[in-house]
């Protein structure tokens, strides 16, 4: 089900949470809305879900104008940042909730709940209560609950924000696999660019309520429209007045470089190294080298070097 | 993935869950404000019935308020309101009334002060100390709160009354009154301070100690300042409670003389059907309590701003 | 903290609490049974005592549900909505508790009895407020007003609206969302408030005393019965016995509250 947002605006008093946003989300895609906090991404998600109503603009899902339709009737699944579990119900009852609302038979509900719990690998926790689950398990339960009603759109509001790094990684992978298996138009909100890059096939970057750029993640990474996008999507440094990726720079002899300077510091991170260079024009830039390169070049602090763009760098 | 879900999702009958017709949509949009408004109106009606109207009637009778209409009733600009200041004032300054109010005030202030100190001590023991039977202590603090006030009176007189087993007779003495008030206000003083004490940052105390401060100094310079707003809050609550306390007093107070508190005095007036006087003194008491409450609120907020 | 200091404070506190609470409670039991169990039993089963108890229970049976429903409704309005006059609305609930019960009784009399504002019109319809169970019920409802509300509001604020939002996305309407999501999420707080309300309604004395008049043989709730036994009839054993019953009820109430607190805490495990 494709989603079409047209000129959406939402103000909370003086705050312009979402300002004239128009975006197309393709059918069955996994789209990530990426941006810093306060960029309006959560508000945009809530507008798609119907939990908030826009001041102006339209939300069209699968060709139907849903702008003023209650979330109950939009057939969307929503996962909250803090999972919003029904604390007084056990896992099975949580997952069954949407089905009960739709008045499915109890045998049908039982089967479906079992399927879903198996899907999210929580079969043995069916009778447990949310307070007895870990963060990752709660999020998986929330997903199962949202998927139970066979939504045409799945919305995830910073679903992995509250989890620790390892669990976050696992769940990220798992959502990607799940989406491959069971394609549903999915929209994920996050502030973690690595997450967005890993998981999404469509990326929407937001800042201060507006969409800055939208498209395929790699396209945005390689051809960022603005410095903001460039800096947000990956490591960046200033070189000769331009924002550049540190791994697009290389260190050469003083005569071969487009700029020269002294090495200020060398930080070895194991698999890569960051070399900071104070250039002759007074600016500082840093270059990312692989371990091999570092050992081959035999660098040390205060050495005079030249810096230039790599020949195979993407601009 | 362990199990592959059968991805043959049957096309469900979506028609029933899509956007409803315009009328149903309008109805569900109206439902909330109507429910909230209607419910709110009912609640306000209930509040008026049992609180607002009676208090208004009380104050109006207290000030012998009378509204006379000149001419047709609806032309309210022709109404004149007369306030019986003289009646109010004479009722409030009658010797019995004056004595009773003053007694209530100084009793309540002293009791609130004593329990402010003891409240901190008790909270300290409950939070920082540990010994056999502490659980019982913790539970007993709430007893005066849950106990009916008349029962509190009986309970205290069981040991401090006329046939006292330890020969301490506090019947019709101000000490007896004080004991009763200390009893009923204790939970307020303790529970106001206890949670604040429990959540205090132990690290700043440890820091003070490494800088050389002894136990007492640490208490006065580090702990007490953070407790002030809570202590003041507890003081205000205890004071308000003590001024209004009646049940436990009713058995200890004496008819005429030095042991009639304001609430008991008002009760006596009602027994003599002197309703206007009762209303007047009640109104005066209300005003005094209001002033004290506002003062302690303002003070406690000011102290709160100073602490982190 | 030095060992001696600690012991000193502990000692002072224990002595204070013994004088104030411990000894009196012990001697209540002693005095109630001072003539043995038989007289105690006959005191609490006296027909007057029993009908007083019955009246107390009947009044509570009206006051508690009303204040519970009002409390829940008002709590939702206060915690989830914003409207003009919300602060005043909120403060009104605190008035009965901040005011002496005797004053409340006087206020009710001056509003609804024959000497008050609405007494005459009410009497014409046959409604007697003074000296009647109706007046006692009104007084009891007033003094026990805010306990349910005050128990629920902080929990409503802490739980937040996310669960209800989730229910909405899953298709639930307002009614289902309220009964299956909102109410269960606050149920221990509601029970806590109701328990406090019950304790308050059974124990109310001052307001009821004023409203029920001073005719001996007046309509008596149990607290008034205890007072009359002591003050008018000088039947201290009767007072001690029935006071003990009410005291036991209070202890039971405290126990229930402690259990409810634990249950609530279990549900509230940090869900960050």
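Note that the chains take the letters A, B and C in the order they are written out, and that residue 1 is the start of every chain.
Rule of thumb we're sticking to: a contact is a pair of C-beta atoms (placed from the backbone, for glycine too) under 8 Å apart; a residue touches a chain by one contact, two chains touch by 3 or more.
This is a predicted model, so every value here is computed, not measured.
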- Query: Looking at C-alpha means, what's the farthest chain from subunit C?
  - Reply: A
- Query: Between what two chains do the most C-beta pairs come into contact?
  - Reply: B-C
- Task: Quick one: report the Å distance separating subunit A from subunit C, using the average Cα coordinate of each chain.
- Result: 53
- Message: I'd like the Å distance between the centres of subunit B and subunit C, where a centre is the mean of that chain's Cα atoms.
- Response: 13
- Note on the structure: Within subunit B, the set of residues that touch 2 or more other chains is 17, 28
- Hunt down the residues of subunit C that sit against at least two other chains at once, touch-wise. 171, 173
- Message: Using the touch definition from the top, which residues of subunit A touch two or more other chains?
- Response: 70, 72-73, 102
- subunit C residues touching subunit A in their complex are 162-163, 165-173, 176, 180-181, 184-185, 187, 266-267, 269, 271-272
- Task: Within their complex, state which residues of subunit A touch subunit C.
- Result: 49-51, 70-74, 76-78, 80, 82-89, 97-98, 101-102, 130-131, 138, 142, 145-146, 149, 162
- Query: Which part of subunit B faces subunit C closely enough to touch in the complex?
  - Reply: 17, 28, 31-32, 35-36, 39-40, 42-44, 46-47, 49-58, 60-61, 118, 121-122, 124-125, 128-129, 131, 137, 139-140, 142-144, 146-151, 154-156, 158-160, 163, 165, 179, 182-183, 186, 215, 240, 243-247, 250-251, 262-263, 266-267, 270-271, 275, 278-279, 282, 285-286, 289, 293
- Taking the complex as given, what residues does subunit C use to touch subunit B? 1-2, 5-6, 9-10, 12-14, 16-17, 20-28, 30-31, 66, 70, 73-74, 77, 81, 83, 89, 92-93, 95-96, 98-112, 115-117, 138, 141-142, 145, 171, 173-174, 199, 202-206, 209-210, 214, 223, 226-227, 230-231, 236, 239-240, 243, 246-247, 250-251, 253-254, 257-258
